[in-house]
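First chain A sits with chain B, and in the next complex the same chain sits with chain C.
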Partner chain A sequence: MFGIIQLNLCKLFNRNLRIKTINNGHKTFSTKPKLKANVFKSVIGLEIHAQILSESKLFSGAKNTFASEINSCVGLLDAGIPGCLPVLNKRCVEAGVKTALALSCAINEVSMFDRKHYFYSDLPSGYQITQQRAPLAGKGSLIFPVITPANNSKPYYKAVRIHQIQLEQDSGKSLHDDELKISLIDLNRAGIPLMELVFEPDLEDGEEAAALVKELILIFNSIETCSCKMEEGALRVDANVSIHKEGEPLGVRTEIKNIGSVRGVAQAIAYEIERQKIVKIGGGVIINETRQWDAISKTTIPMRDKEVVQDYRYMPEPNLLPLHLNMNGNESDELVNVKSIQKSLPVLPQGLRDELINKYKLSETTAIIIVNDPVLHKYFQDIINSNQLRSPKLITNILINELLTTCNKNKTDLEKCPISAKQLGELIDMLESHELSLNLAKLVLQEMFHNQKSPQVIATENDWKQISDDKEIRKICEKVLGSESGQKMQQQYKAGKSKILLAIAGEIKNKTNNRINMAKVMDMLKELLK
Partner chain B sequence: MSRLTTLSIKQLSRKFDEKSICPKELTIKTFSRIKEDNKKLNVFTALTEDHAIRKAGESAMRINDGKKLPLDGILVSVKDNFCTKSVPTTCASKMLKNFTPTYNATVYDKLEKAGAILVGKTNLDEFGMGSGCIDSIFGSSKNFWSEDYNNPRICGGSSGGSATSVAAGFCMASLGSDTGGSTRNPASYCGVVGFKPTYGLLSRHGLIPLVNSMDVPGILTKSVDDCLQIFNTIAGPDKLDSTTIKKPFNPIELLKQIDFKNLKVGIPREYNCEGLTSEVLEAWTKMADFLEENGAQIHEISMPYTTSSIFVYSILNQCEVSSNFSRYDGIEYGHRADDETSTENLYAKTRAEGFNNVVKNRIFAGNYFLLRKNYDKYFLKALKVRRLVSDDFSKAFKNVDLLLTPTTLSDAPLLNEFVKNHNRDQCAVQDFCTCPANMAGIPSITIPVKLSSNKLPISLQLMGPNFSEQLLFSTAKFIEDSVDFLSNYHKM
Partner chain C sequence: MLTRNLKNLIQLRTFCSSKKKIFDWKEIKFKTKVPQETVKSQFSEKTERIKITENEIFLLEKLSLVDLERKEAVKVLEDSIEFASKIHNINTENVEPLYTVLENYQLTLRDDKVTDGNIKKDVLRNAVKTEEDTYFIAPK
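Up next is the complex of A and B:
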């Protein structure tokens, strides 16, 4: 059981990776330098910017729509027009509170906004409104599973502490043309609401970081506060990486900015750890710098950085009142009501895994795999809910092993798989009643990919039903045993060569095109040869 | 001086109803006078004659149709740091010389919707940083009461253009702004009523900010009645300004009679400061005596942090200025220098060319105060002292209902004397009596009470606790009636 799961773990991740294969031409990391690097411990902290899924921007009321025509979603405030004042979007506060609650953060009854100053052409006001002194939420924690696809180590749970969650504005986008010496600016993104999630440096490697991001995406999807479309920049990961020897103080850290995919997180951090090890072993010094993950060359490269440490000259935002939240649950006032948001929280990924383990007696690994993919989880729920007698283990086996394989074979994402939960449920019923063998089921699955007929119909039409009728099996067995070669084998068997039974069974299997119930054949043969 | 311009808004409005005056004719006449008199006064950064005549025609039609709006036909001017749709809004700075907003400031919008007609945008010190109305790319405005226009008096600032436009009868009312006294100071020098409301009663949306936490739109008129009428028109919550008071605004009515027996008026001794002229001191003392004669209780009180106010103001002003002015980079709007060698160079040259030295000095200082290493020492400390200044008022208002003080320390200085001092020192003297009210956010009104020996207006200031506008206006009205300053206009 466990072996199958691990094998298919790779399939699962292959599937996830398939989308990104365009960039995966060469692997830098297949040959890790074999240095005495294991004496180093690595420490990772993440800062994640998540765009809030909202109709309009954080302060300007302009639309928040991805891929709109350039500079078409820009309020006066977003363009820094003088005299315009920020007005806080209540929906964004609600999303922030919901996210903070999902991450068990301490919600601050009163939080405040600050201005963070720096000059940049896509920051029209010359400052970003953020929450530096008193953020929306403080201390929280998250426990998440770590599965490493590359090695076959056992999944484990990791805990990470959240330092704070703050609301802030996104900046616009600049496009620099070095040859023409011009910069183009699109302010559609300027002022889009962001949640910045700052995590404590509790992680040890890239895989843990990637698993954390994966878990966050699952949480965001279930509470619907961020689209998590990393390719659209809706979720951006910065990683602080340092290494040190055991017993020594933490090393100097570097920051990898704006990593744009889950696997990128794992790869960028793994690369950076190795890079730092090589520098240190070579007697070099790590400098505190900002680096960029290049997903094509699979390396981190230093960003052209400001030479001096930036002083952002933080100042309280004078045009926004302190943000008060309703903590006591009174429904009368206009403030965002924390208690009612708490009540509206859906079951989070950990709750779903617990349900699979406790209610359906599935293994932890299976639970992790199923919950990690919302499509699989939906299939599971639909199949089991329409018939609680179905075996959860069989369902998950079919989902994880067979359905994914079929999708891969047909080069289709699971999200676009045409097979319905109803079809799968019936397929599972046929397996349970021995109407189909696993091998026949695979054929039926492949057929269902192309037509919407029920597995019963497909199996009947193609004559794929398993032969399970005892009389028929006896007939077939007797026929084979009665043949010339059959008689020879019978003699050998009776002479004590018991293994020959498998050869006889093999012949029966071939004769019936692999359609016969082999367990029954074995029993029948033993009976006939008594 | 035209008799018409000494009418109150209500009186003029009645004449429109009676059809004895037509808004359109009045507007055309006024413009011909503006064009003549403005040559020596230099009040406007832009005149909106075509717009005004068109609007006056619309007013006239509404009046004829019996659909008159409350301020139909009433001419107003607006300080050139309020955004006005399709009318340039320059802040008297090269930086915004070519800036034409696409939207109206809320307070102006409300005036327009009530039928008021914009005659033009008024001069100010660049971005409101000054108290003389002299540091403007349009040159200095001159005081209407100057004995000799070749050796003029300053009109005060920064809303000097607004004050002069009302004093000269170019309009019935003007919108100014008040951050440290910018409405009350020129009102005092120009002999008009200047009102700074409680912070949050008037929307700042569309007011190009100087110091967000102290800026309020101000109102300048000839009379207290006019001032109140304008205030009632434009006050109230605005969803575009989160710092406005959420509670719906109920128009204020003057008290029929002031209960003088129960009126306690505080005279803070710290306002009797160095530089206060004997004439102003005398006017102040006489007014206190007069109120006492009418039954009010006069209490001499102490407000020890008064003198700290100007320093706190200076630091907080510079910090917010450095922040607010980061937006002027020449990218989206405004002046853009001719240097495309790099974004940084473009910014640097744009800002170097676009701002005057006063603005630049404040940006430099503000950035210094906000540095991580200086934040606690300057910004945070200034906030703490601001709280102490504010506490002075809270304590005072436990014992008294209103405070009576001078508005400015003297009558209007001569321009050539005034410019001898550095901008910072000018402000330190000029804003001494007005700036504390901005620290505390409380309402304040200045009313002219007499002419000095130079035949220049002398004014006094009333301050009250937050939302005490009714008592403030009523008391100001009582004083106005008793001093009859308006008669000085008739004599001119």
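Up next is the complex of A and C:
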């Protein structure tokens, strides 16, 4: 019953959305658009749960794993058996501190754990151990680039403040069998360490939120504190969305839970903003509710779980003492040493972009694209490091345009691209020395996709090498000019029809199967026809 | 299972408060610092007795999975609230909250090693219902 109503509502929203876009399309023709949707400002805040990369769980010695045999990675503590005590995993504290430092958060020398109570069958103890009063880290900030894949608008930088970072336990997993009306519980995930990153509502749309998640993934990958496998639930995004008119107080927010992909973040938020606009324009009221993003129908659907205000009955966790950190850098005690973690931090994505811009003189957009894909960045580093004389611009051009196109053509992810950095480097050398034209380089790239031969070998074997030798070019030009049609064209040229030069060049191009250095041909023709 | 235990607990508390002694306190064999007689309240100010509405009871039952159907149970609850409310009369201005008397001690950390798990049989043993010894089946 409810399902049907929801479905109809969704359809209605979809239809309204379509109507809205049509109306917006008409906007240019009328001075007063019917839907003043653009007067609304949207405000977005994210809460991100990131599973910490560790061997064992946060408070128990059971294995931290994905897709193991059901209920096999569960300690008695994880199953909520009375009498078990939690013992905190040092690596998780280090990972939390490392993440907090990467996001320039203020680290709390002493933090504490709390119990958050609620009853759900995948939470056997009836409470989650988290950090509410005194979290591991507080106020921080992150500046990240926003580059929208769809439109080619100029990328810009956005700043977001971090409210706090806390350590907490993940819950188990429930599988609902609708037919038998039972819930099956697997506790393998129960107790897996999580960092919850709470961001201030500083974002304005879905694209900014997606860009923030993307940047976080890059940071996590470089500091290796989270696997970021969103498809495995290792990184889960909740988005708080509200809209209001300029000059008015913030609107009532809805929370979209557990969005499982970067694109999903952008789409879910964009959908929710539009939905709220339609509700408000129609005179409706936004209610504070939890909604779920359905990636298939591309809509948000209300979840019927928070009808009454939840009271989590927080209380200090009596089984855990305050967590102290070593802030002064002395190596004397067993505490987690914040200073030495700070020293071990790798270059973060922004540092990598700065390097590309300052050292290699690449454009901001290029730098963002290269750093956004660790595989591309690795290629770039390998190619430039093995020969610093190679042109960074040419390298990035080949990587972004040609390599990605070749991968797409062969329906292969860049991660699985069989072409080595060494092969690409040699290809770039051949382009720089005019041994190869860009068109033929594309053929060589395609060939390298299937065999590991060097581009030199491939080009020679297929007779794809560019003709750049001046003597040979002169010979070919003379031959074409000497032919019957060539002579006709020569006469036309000399009669003042200068454009005919391109036709002659075209003929030469065809004669040599597109292998000749066209810049040199043009110079040669001009010289010969003087 | 859990609900049943909590019900028992409530019943037990109701018994205690109705002074049907089910424990023989004299049986304690060792010296104890726990007062053997009920300590009279040392708060002079009176606290107002709070009445709980039916809606509040419903919410509490839902949050705590405790059945408050019995009238005595509600009385115990109201008594507890009255007892705890007295704390509001204490002046706590400029006093830092104390969460544990062991505040100056440091939490001991464990190395990140797998030392537990692979005890599926033990873990599932307490469950009322399981699915072919793989999943727990949640109570309805």
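Criterion: the second predicted complex is superposed on the first by the 495 of 530 C-alpha atoms of A that agree within 3 Å, B and C clash if a C-alpha of one lies under 4 Å from a C-alpha of the other, contacts with A are read in each partner's own complex, and residues count from 1 in each chain.
Heads up, the rule we're going with is that a contact is a pair of C-beta atoms (placed from the backbone, for glycine too) under 8 Å apart; a residue touches a chain by one contact, two chains touch by 3 or more.
On a predicted model such as this, the values are computed, not experimentally measured, just so you know.
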| item | value |
| --- | --- |
| Chain A as common anchor, with chain B and chain C clashing or fitting | clash |
| First, second, both or neither for A:76, with chain B first and chain C second | both |
| Which superposed partner A:127 touches (first chain B, second chain C, both, neither) | first |
| Which superposed partner A:112 touches (first chain B, second chain C, both, neither) | second |
| Chain B versus chain C as contact partner of A:185, first or second or both or neither | both |
| Which of chain B and chain C A:314 touches, first, second, both or neither | first |
| Chain B versus chain C as contact partner of A:394, first or second or both or neither | neither |
| Chain B versus chain C as contact partner of A:87, first or second or both or neither | both |
| Touching partner for A:55 - first (chain B), second (chain C), both, neither | second |
| Touched chain A residues, chain B compared with chain C | C |
| Single chain B stretch clashing with chain C - from 76-84, 184-192 or 202-210 | 184-192 |
| Shared chain A contacts, counted only where both chain B and chain C touch the same residue | 76, 79, 81, 87-88, 117, 119, 121, 126, 181, 183, 185, 311, 313, 318, 320-321 |
| Complex contacts: residues of chain C adjacent to chain A | 2, 59, 62-65, 99-100, 102-103, 105-120, 122-124, 126, 131, 134-140 |
| Chain A residues touching chain B - in the complex, by the definition given at the top | 76, 79-88, 115, 117, 119, 121, 124-127, 181, 183, 185, 311, 313-315, 318-321 |
| For the chain A and chain C complex, residues of the former touching the latter | 54-56, 60-63, 69-77, 79, 81, 87-93, 112, 117-119, 121-122, 126, 133, 174-175, 181-187, 308, 310-311, 313, 316, 318, 320-324, 334-336 |
| Complex contact set, residues of chain B against chain A | 82-83, 96, 99, 101-103, 105, 204-209, 211-213, 239-243, 319-320, 322-323, 325-329, 331-333, 340, 343-344, 347, 367, 370-372, 375, 379 |
